[in-house]
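Look at the two complexes coming up: chain A is in both, with chain B in one and chain C in the other.
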Partner chain A sequence: VTRLPEQPAERIDRNKLIRFTFDGKSVQAYEGDTIGSALYAAGQRTFSRSFKYHRRRGLMCCAGQCPNCIVAVDGAPGARACTEQVRDGMKVEHVNAWPSLEHDVMSATDAAGGTFTPPGFYYKTFIRPRRLWPVYEKVLRHAAGLGKLRHNQPEREWKTEYRRRHADVLVVGGGAAGLSAARAAAQRGADVVLVDEGPEPGGRLLAEGQQARVDQLLSEARDAGVEIIARGSALGFFDGLVPVWQGDTLHQLRARRHVIATGTIEQPLVFAGNDLPGVMLSDGARRLAALYAVKPGTRAVVATTSDRGLEAAIALHEAGVQVAAVADLRSTPGAPATTLTRLGIEVLPAYTVVQARGKKQVSEAVLVPVQSSGAGARTFVCDLVVVSGGAIPASSLLLQAGATTRYDETHGHFAITETPEHVVGAGEVVGHEQLDVAIHSGELAGLEAAHALGLGDSQSTAAADELRRQLELAADHRAPVAVPPAAIGAEHGKCFACLCEDVTSKDIGISIDEGYDSIELAKRYTTVTMGPCQGRMCQLPAVRVMAQQTGQSLADVGTTTARPPWVSVPMGILGGPTYEPAKRSSIHGRHRELGGNVKWAGDWRRAYDYGDPEGEALSVNRAAGLIDVSTLGKLLVQGPDAGEFLDLLYPNRFSNLAPGRIRYGVISSDAGRIVDDGTICRLDDESFYVTTTSSGAGAVEEWFSWWLADWGMRVALTDVTQGLSAVNLAGPRARQIMAKVTDLDCSNEAFKYLDGKHALIAGVPCLLLRIGFVGEVGYEIHFSAAFGEHVWDALLDAGAEFGIRPFGLEPQRILRLQKLHILVGQDTDSESTPFGAAMPWIVKLDKEQDFIGKWALEHYEQEPPATSLVGFTMTDGYVPTEGAVVTDGAGTPAGQVTSSRYSPVLDRVIGMAWVPAALAKDGAQITISDEGRTTQGFVQTKPFYDPDGEVLRS
Partner chain B sequence: VSLEFLSPESGAADAVARTPMERQARASGALFEVRDGWNLAVSYGSSDDEANACRQTAGWVDVSHLRKLELQGTGVSQHAGLELATATRRDDAWWCPMTPDRALVIGGQPAAVREHAPEGTSVVDVSTAFAAMTLVGPQSREVFARFCAADLRPKVTPVAGLQPVSIARQPGLIVREAEDRYLFLFGWAVGQYMWTAVQDAATHLGGRPAGLDALHPLEEPLEEMSSRA
Partner chain C sequence: MSYLLTCPNCGVREVNDFAFGGEVSARPKSRPTFRELNTYNYFRRNVAGVQREWWFHRSGCRAWFIAERDTRTNEVLMIARPGDAP
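Now for the complex of A and B:
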């Protein structure tokens, strides 16, 4: 019914019909329609219900700025009907109304709830009795909101694609200025990206029907190599990084120069009933008619503060809308008023709209002269009230980039004054309004960006000078704008300053009365500017209301801080792809095939067990076991000063270690605290092979590198952690298994405990370390990661006849606990010293060299620690939680359990704990308080299994 | 004690070296051949199709078998005639200066590398410390853009340009081997993860995995560079 004849700039294809549903009802549209234009054409006037009062809301801006048309599309809330294009079969639903959009129960709050719902009501009411708060919260959350997310999202449905793009120049805004800037910079050789929110660049030119101009600019920009990202919203400015949301892609744009040509945002007027369906911004009404050939109303009243509204009135008249009257706030209306008068349209100077009346939509508008106290009011029957309260620069990105503003009295808004070096504004956002002026402004910005990058020539420099001259001239010819009253007509009804959050001018007054008398405080208290429009439609009205009610000037009130995101964006877009970096050993696939229970261990995926941790541990003690220890940190330290380097890093000595021998080492911090441990094998006179804990590998490598750089020693440090696989073959039958896979003499005489040797295992060159973390005869075998599965398979095959089993991290923890071998980070913390951890023997204070932490360790040697790390056994079979508290006789916490397990080979519960030093003696009884249970344990200072290390050395 | 354990060379015929992405390649339909002791994905059914993908969109090739040697010593990069941020093609290998005192040589033969290494330089075989992929094709820069923030535009990373950079949130190194061809290194242990990241990005853009044989028709630029050197 409301479709117009073909419009010159229309974006719809009348030959292609599309059907979609709105709240279950079928709606017909043309390809190119937005949901909003199609529904409006079908007669729909109410698009949503407001946030708090559940008032009817209809199309207003038709540009994705305001919150009035937010709907859910195919179950996803947050879509703006006015910009979301229709697709065949799409399912559109209203949000925030129950049981239906037409009959919303919660709309009672509009009539009766005002008294109970002042700003900040949730701080004042619904707070007692406190136990009912969860109920209140549920009710309030149900009553307000912008739609509901589905509880379950199909996997990767919201997958975002990140795309990083570097550019010389990024232009944000594809209107006349933006296109001109992009074209100018690209024609001088710059790599330019242009981002525009619309389905196609053109900005206001499109709505004004200047398609040919757009086509020309676009064509020239493309020919110059500009990459155009349409339907892309620049979300913010983060130190030069501009994230741009485009569909399911988040572009991360980094440019050397930025041109912000985001234009202006038309502002509403604050009057009674200014949110009724049928109250529409002038640009919105024009866009609806020009782009989608939808007649916004049959009889309109226009209220404006500038020529923008007057031009809209002419355009609407040409589109067939009867314009009943035009209220121009200025006492001398602009030039277009002459045209209106000629068309027979009444223009009322110094008038504004005071009230829009109607139940479901506008049916009348009341215009009043601004200087009178009600006299001269005129009432017009109409179904459309077109308002234009001036325009504010869309300056958020500029402000986020560091630009400054000041209040511009002439134009009634905050204008950009300065921008940072790498950022420049162009076009309307910096006050260059008229089309030709905006184009010049863009061209100049593009040229300046190119020149700053070292591009361009004398000709372009001269062109830039000429453009500057023309812009200076144009500055004197800006059309006058009247500043509208902060709010008018409050005695007739609610005057909304903020449509998103249902904040009225009265609400802001209340917040001021309650002491929230700065704009930043009022923002937080009333939530004005915090809704989906992010202040686009409400910041200036709120500032005006605050200025009016506090008696301050607008400049003194100032603005709220511009913060990203500039447009509302799904969290999933920010979340990005679900990349989860995981390190896997080269034997990982085998662990999976063997039924390994794989879990995270630091940044590695590791087999915790193969289904039977205790059985696996027992197998190591009774036969043989094989564990993948490829995650250990591995460093090659080479050079003439390698031994001295390690002597400086460790509290014990390594320069006197014989080639082919291994020594345990603990790395301490400057403060003498344990930070890591591992073994060091001297490979030859100048080469040491250092292992670290799995989780400490990166930190130790950094620690070594840092000191190496500082000391400048003749040492080459190479991190081979990921380059080598490592497995530990351990158990009473380990030697027999080794005999099957290597020619090396593995007898105890030839290959002693703490020897390191080279050998071929199943044909693969390996470094064999005879060490025993798990307490049995053991061979830690290190070899190129390219042979991980080969060596693993060979050892398991060879060990099959001896009952070998693979074992995981959990049985390893049982086994090492039996030997009281510490796990750094598990049994130690940032306060633990080697003395407290019962390892005084590792600190060689008599060493000739200084070493890291020596001063502190000398101190600790003189003052024994208050607590000591000991082993303990439980008498009642209870396995205390790791972290359980060890208490003293008075029940005061005096230590904690660090490790505890049931040992299958010992058939008892064992553990390690920090206890008061006085209790660090064999047989001492300790009390453990664990989750309300108090139990007893007995201290043991020597290993539970093979206390004298005879097995290890056998 | 010998340092042979660092090397991916074995004395046994059945001890075949494998890359960390072998299982992913197999799952994608790779056909394998043992070459020079490595089990390598030589094709995915049709080397011609793969080469076409490398010419028209993007193809990724597991080249983890390439030898990598780390050179360390005071001023080693300068002594080896290398210029920071630029890889030099020499003896079928990329000589990559990482710092003034550290360089990485990718590809080629160890003997040749040792011959060219300045005297007194520490040379360590780190072949399996780093896995590697080659990404080829006009879309390869766009593929990188999905998981890497490096600026790979020609004006910033020209052919033979070198960038130590985070790749899919992991430390890595990118060498621009030719106009539309990049070699990149990353930790051996993150091979499976990296394959997934590359596959996810490249497939979306029309790319596909390619076998080593698909690279043969595309070797000309590298051969030219080697011959110039």
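Now for the complex of A and C:
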């Protein structure tokens, strides 16, 4: 590893070594390095292969702007090597080259390219015969692209934290202007947030030897209370909301005033071979040397259109790079040229670079005078071509916020003219480029934001007036720049206007010839500006080529619409699962100790089984079992109108339910569709205890409270789901176990099926519901969650002598299937009515009172459903997949299997399925088509186990 | 789409704190025809303009309230508890 001697502004810690791998090879880096700086220091010049021609590409912008250094990090594609910080042990791999970055077979398209691959070539070439498209597509997908997504993303791997932050002022950009704006606004008492992309604020100042200015601005901003979000990328401007991506957090920032100080983006020049490794933007070369002490090359040629390139030449010379020559497009080079001449560096006025030559990287550069045709060309041996084609404002956020632009002839770019009231630009993005001017610009923006918020005083108003005057003066003293030609040197080789999508200046010409003569059309046809750089490097060159070819002015060509996201962002940040707290029942620790197989069930972590689902189910049927059902939704519905309220919400009656009794209920929508189900126990005249499904708990609470809000009845609704635990003790031995833990008389005479009683269990006050979801005598016990493990332990201890076993969700599913008890959402969908689901008895259409769903259910009662939910058994022992198709006689899909299991107590495969109504009768044969396999089943409409409910009521 | 909404109980919050309950539409008072019922169940006016709608403060107090919002600008003109809505 070769490094320069210690640089004053370097960001690396030479005492801390870090190792990572690139394509399997070990690379040594220092802490503070980026992948790009470390690889460059290690001699790597080719970082990627281009999108279409598979040409070698190397570091160019070193600022995360261009597409040249895209790599995959630890399997995730889309990282920019030049900005991604190194971490010990990270695995970095190249993308879009096969078999290796060094030897890429697809690079043959480069030699053949041009005529073989014009813009839109795949629309033209791969359309016939139509049926071969899938083959073409496969080949094309392999040939192009910027990396591969991992196929199997581990479940819930990407977590996104969403943070909402409201502030008085949001400043985007932490350079000189942004820091000054934040400081000025905060010092007047505004609540200010500053967002900056870099690891630390400072912007261009860091690489340009202005550390002291940065430190001063930063500490004053911090002292004034500015919140700084570093490594944060502002993604766009949405109705005043600015999402900022920072690591695995998405900040949603909303401010009353916005200051956009996003600076400028240095532009490349369009010439032959302008994409060769070794062609680098001047800021990129300076960053490599200044921040990472990496020598960008040994002998450089510089081509510039402004002082930016001249200053870079001086900086590179100071860093020990031999500068062979500097081509300045201006006929009168700027002031720094004097310094260069004094240093013995040749400055060629009115010259520019026409070609970079070299095989794997630059070895020669050809400079020509712009005005003459060919005469005076100078060729220089070099390994670095530093280019600076001017700078465009990084105006995307301003444009998204509604700002307007105008083509600025003098500077050769589109400049911001007006911004909406709440948004101002500061610093270079609005043309205030000299350091002091940028600071004034930021300060003024900060003061104006504070004033708009009613802060500040006469002193600050006077200060603002003075700043305004200074800025007006400065406007007349902007350094001159030259506007480069659209493209130069096309006769020598490919001149890339767009590096992301490999679009050459010729390609844009061809698309114009083919009729795509507006910039928006050419964009869609050639895909220029649509790649990862989002137009940062290619928008202006494309507009220039188009203006040149069509004879229009640049103002007439215009620009493409600025759209979010402004930076490449992982989809997971925008749409990934949020950090929802996992819900665990108060008994969860016991499930772990008992070897529970814990999985997600909605938001809950639940024991699916304890290692032996069939054995657990059998023990419920033969002895006793205990399951944690704390996840059930639990609502207290209380008040004088409680009974009437439930009558309105359920198709059956609850006002006539006697206190201490339980009734099953199915909630239907006004469209007559099943929404949820559960049991309701009347506690006393004015109180009902309603349980819902685990997954429907939240939705049912919303549903109940919505109707309550509309109807305004004398009812209080309390969601006690989280406060209460619940367990279900079931099995032939359940009653004997109850006798050991409670004084309550649990005989069948005293505590009948569908009775609800209050009693102490192991000393804990409980509500006992005698219901039978799993088909055996059972007691669903609800109690304060504080006693979860105590009650659980007491029941397991008491049941030990009777062979009790804890059982999980999976055995419960077997048991309820044996009873044909539906699971809403599993056996029903958004189209299911109680009639189709074989529960006509639950709908009381003779109820004199109105209820939700009544009118639709009256209709569906008259119009029998096309399919019905039935049970079925299999004869061949095959367990069909849930979702397998039920076909009619002709083999046409006519229904589907919703549940299927092997039942250990019946020693048969059983299931539930929606079948054509004609087949919904006992003994009917149904055909199930399951992933190519066709099997037969037989319909059974009554429960498989205890069909008449004698066990349940015993 | 992003804007602020004021919960009558909790105050100003981001709109994604809330669940949208759809435009307010009156449930038929007496038995509708099947066509009227389907219109009530499935059809929405979907106006480009001021609309009265239900909102639920899902990540907050879990109360329903009524808002009037201009669907073109997302300007919220009125919020009220259900019983207080004018």
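Here is the rule we use: the second predicted complex is superposed on the first by the 482 of 954 C-alpha atoms of A that agree within 3 Å, B and C clash if a C-alpha of one lies under 4 Å from a C-alpha of the other, contacts with A are read in each partner's own complex, and residues count from 1 in each chain.
Heads up, the rule we're going with is that a contact is a pair of C-beta atoms (placed from the backbone, for glycine too) under 8 Å apart; a residue touches a chain by one contact, two chains touch by 3 or more.
The shown structure was predicted, so the numbers you read here are calculated from the model rather than taken from an experiment.
> Is A:252 touching anything from chain B or chain C once the two structures are fitted on A? First, second, both or neither.
Once the two structures are laid over each other on A, A:252 reaches both partners.
> Decide which partner touches more residues of chain A, taking chain B and chain C as the two options.
Ranking chain B and chain C by residues of chain A touched puts B first.
> May I ask you to decide whether A:492 touches chain B, chain C, both, or neither, giving the answer as first, second, both or neither?
After superposing on A, A:492 lies clear of both chain B and chain C.
> Go through the superposed model and pick first if A:238 touches only chain B, second if only chain C, both, or neither.
A:238 sits against chain C, while chain B stays out of touch.
> If you stack the two complexes on chain A, which partner ends up touching A:659: first (chain B), second (chain C), both, or neither?
The answer is first: A:659 touches chain B but not chain C.
> Output check: A:856 vs chain B and chain C. Expected answer is one of first, second, both, neither. What do you get?
Only chain C is touched by A:856; chain B is not.
> Given the touch rule stated above, what does A:705 touch, chain B (first), chain C (second), both, or neither?
The second partner, chain C, only.
> By the touch definition at the top of the document, which applies to A:670: first (chain B), second (chain C), both, or neither?
A:670 sits against chain C, while chain B stays out of touch.
> Determine, under the contact definition given at the top, whether A:378 touches first (chain B), second (chain C), both, or neither.
Once the two structures are laid over each other on A, A:378 reaches no partner at all.
> According to the stated criteria, A:164 is in contact with first (chain B), second (chain C), both, or neither; which is it?
Touch status of A:164: both partners.
> Which parts of chain A are in contact with chain B and also with chain C?
164, 252, 254, 719
> For the complex, which residues does chain A have touching chain C?
Against chain C, the touching part of chain A is residues 164, 238-241, 252, 254, 669-671, 701-702, 705-706, 709-710, 712, 719, 855-856, 858-859.
> Residues of chain A touching chain B in their complex?
Checking each residue of chain A against chain B gives 161-166, 191, 252, 254, 577, 579-586, 588-589, 604, 630, 636, 638-639, 659-660, 681-684, 687, 689, 716-724, 756-758, 760, 762-767, 782-790.
> Touching chain A in the complex: which residues of chain C?
The touching residues are 1-4, 14, 19, 21, 27-28, 31-32, 34, 37, 40-42, 54, 56, 58, 62-65, 74, 82-83.
> Given the complex with chain A, which residues does chain B contribute to the contact?
Interface residues on chain B, with respect to chain A: 1-20, 23, 38, 70, 72-73, 122, 124, 126-130, 142, 145-151, 153, 155-156, 168-170, 187-193, 197, 200-201, 204.
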